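Chains: A, B and C, in written order; residue numbering restarts at 1 for each.
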Amino acid sequence: MPEPAIETRDIVLRRGASPIDERVAAGSIVGLAGLDGHGQEAFLKTLAGLDRPVSGEVRFERHAVTGFRQAVARGIAYLPRDRRATGIFPALSVLDNFAIATLAQDVKGGFISARERRARFARYAERLSINAPDWSAPITTLSGGNQQKVLLARALALAPRLLLLNDPTRGVDVATRHVLYDVFRELAREGMTLVILSSEIEEILLLCERVLVFREHAVAARLEGADMTSAAVIEAMFGRSAA
Amino acid sequence: MGRIVARLGGIGFAALLLLVLLVVNVWLTPGRFQPSGWLLLLGLAAPLIGAAMASTPAILSGRGGIDVSVGPQMGLINAILIKVLVLDFGIAHPLVLVPAALLIGALIGAFNGFLTTVVRIQPIVATLGTYLILSGVTLTILPAPVGPAPVWLKSLAGPLAFLPLGAVALSWWFISRSAWYDQLMAVGSDDRAAFTAGVPVTGVRFFAYLLSGIYAGAAALMLSALIGSADPNVGPTYTLIAISAVALGGVSLAGGRGGLLGAAVGALDIFLLQNALTYFNISTFVLQIAYGSILVAAVVLTALQTRAVAARVQHV
Amino acid sequence: MSSRLRFDARVFGAFAIAVALHILGTWLIPGYSAPFAIRALLVLASLLAIASIGQTLVVIVGGIDLSIPFIIGFANVVAAQLYGGGMAFSLVCVIVALGAILIGLFNGAVSAGLGLHPLIVTLGTGTVVQGAVLLWTGGFPSGSAPPAVSAFVSIGGSTGPLPFPPLVPVFVLLAALVALVLARTPFGRRIYALGSNPRAAPLALIRPVAMWAAAFAVSAFFAAVTGVLLLGFTGSAYGAVGQPYLFQTIAAVVVGGTALVGGRGSYLGTVGGALVLTELNTLLIGLGLQPATVQAALGLVIIVLLSLYGREPAIRSTI
């Protein structure tokens, strides 16, 4: 097994839950599944440094993850789940929404260079095939799928080596989904590590090499290869034995 | 049960402060706190308590809901009652003056409610506009203080001091048992969710401003009783101090949390604080510094306490 | 797209109303457009607009600052007192500015850090500051401004060939700078983002407490600047000189199209709002109304203006 990109050392997500000891290899795509509220989201947020585990430690490229800003500075990006509540800035333009986490990259002589910013966004707009007629219009003028792509572009602009995706295709149309799937695979080929939480099992089976199924804030099953079937995931989700 | 805990959690600090201040006040000025003097004290504190209670419904309605015109409302109603009705027209009967006060309050409240919920101007600016209009009109019809108020009205700040406050409290007790109250709290904490659930958000908010106006009418009676005259300059001073009292009493300025009881306790705190500080005969400047510091300290402590409670609940 | 157009329309609307009011004034009142009257108007509007710089930032970030009038009074009195006591004016300015900035930092950090409503926090600190100033001076401040400050704001002054005191051209540059900072610096963009969606901001690497502290510090700083300029304007210190600015800064911001819910607005709009309020005040006083009536009319006009173009979206459309 190659050097793990991120590893959890016996992290306990909730008092009384079993510890989780997990390694994710660089360049792989790992899925997180489980019934709502069974710890998969807490696990993802713990990886991002947004939540603190009850005990144990998260290490990214051999450094402990101690908080969100530190995690981002080390090369982790996180795409939040609820686009409207914690993702977009509705009053701001498409460009602003894209650049807000990486504002310093466009600064020239103390001020933001509009040209620089447009050029930077253009790269992502093409790669993610973002359909936005007016980049200066508020982001709310875009469809849900295109808003999500802008948020993904915001995360990718951080040039992360680990991308944490919290249900990235929720409320996104089918065509956009497939664009996103292709992008995720391509990113992994380029060496980025992806951890994807999804509420749709099919999506995980389609994208991931490995899936962690959560139950009661612990990993109930680790499935990969031929064992990774819809039936096996569902059984683990509901806590039935795989027999 | 949860509701009671939530209510008391907010005013916990204000209630504790009330206890401490009561002890301090009784210790400093035992004479004033004889049972025989209680009604007089209540009459003294009533306008601030009334103003704080009047400020509360609009704040509870959320989304920046606030009525900064409560003070000038009290001022204008005071001027109309004493200057216009009693002195100019010679009408002094309680059965005219009391309904008139409440009716004028209701009209102004309805105007504020119309501006904020139907025209949809941001509440602080809309009621600021009303503030300027009302205080301007008051000064125009009453350039200088005049008096006196009828004897029965003055008795509302003496032997009958419990009457107006009791009436407001009783009405709120009934209201807090109504469906409207639950809707108000729902709108105040999350208006979109309430709207989606079928709550008539606009109507609920409108009634909150209307109620603030009616209570301001009651507070104007308390003010008129206390000062025993018409004075154009006293009313507006109550606005900001009343809002401070509301915040002190654990009413969330974001809406949806708190009630009239908390506001009243917060107002009593401020009254007792002023009373205690006055005892030391210190300059009003020091009084002002102490008042501001305690206000900030109190809201900071309330916030910390709310946080501690929330953290405990989460860990259980 | 449509919301951007409407947004610009609000800013444009404020300036259009200011011009309309001016035309009305010229038509109704003889001498309304006399050079001296226009100079006075520009000076007063500049002072209000400077005091409203911080209020604009604070409102965009999602707060409100009621401490502005108290800090204006603080700067006004402290500057006069220290300068009157023989201190070098540059040192006086540094002390006043630092004091104001500290108060502002406290306002913003406490409001955001503890989740307290800034209305209460700024009201509380404002009350303390005012009390402290009164205590220090015993209620009777003394001292005055150096002649240079008076010349800077004097209505009769001129700037080279320009028939205005230096305040007016300097303010125009300052306004351009503020607009540029808001539109084209990371600080400005973060202010808008935080006001637009406070919950999304930390995930976009925005520090809410730091941003609030900075916005309130800017507000306090420009309130202090206004206080010192007012000292030059009126000639002597007066602790309550800032009182009219409590509501006027808020009104200027809102008339200029900035929404109190945060995330939307512009400083250019606030400048328009300051012009509208100054025109209105001048017009009403010029019509011979009593101060009390002027106040009532001002309140009415603010309501009418906002009902024309300052309306909030219906809740239906925010779902």
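One rule holds in what follows: a residue touches a chain if its C-beta (ideal position, glycine included) is under 8 Å from a C-beta of that chain, and two chains touch if they have at least 3 such contacts.
The structure displayed is predicted, hence computed values, not measured ones.
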| item | value |
| --- | --- |
| Top chain pair, ranked by number of contacting C-beta pairs | B-C |
| Chain nearest the global centroid, as defined over all protein CA atoms shown | C |
| Rounded Å distance between chain A and chain B, as computed from the means of their C-alpha atoms | 49 |
| Computed distance of Cα centres, chain C from chain A, in Å | 43 |
| Centre-of-Cα separation between chain C and chain B, whole angstrom | 29 |
| Residue ranges of chain A touching chain C (in the complex, touch as defined) | 68-69, 72, 78, 80, 85-92, 96, 99-101, 103-104, 107, 110-112, 114, 134, 136-138, 141, 154 |
| Footprint of chain B on chain C - complex, ascending | 64, 66, 110, 114-117, 119-121, 123-132, 134-135, 139, 247, 250-251, 254, 259-261, 290-300, 302-303, 306-307, 310-316, 318-319 |
| Chain A-facing residues of chain C, complex | 1, 3-4, 180, 184-186, 189-190, 192-193, 195-197, 199-206, 263-264 |
| Residue ranges of chain B in contact with chain C within the complex | 63-64, 66, 115, 119-122, 124-126, 128-140, 143, 191-192, 195-196, 201-202, 240, 243-244, 247, 253-254, 283, 285-293, 295-296, 299-300, 303-304 |
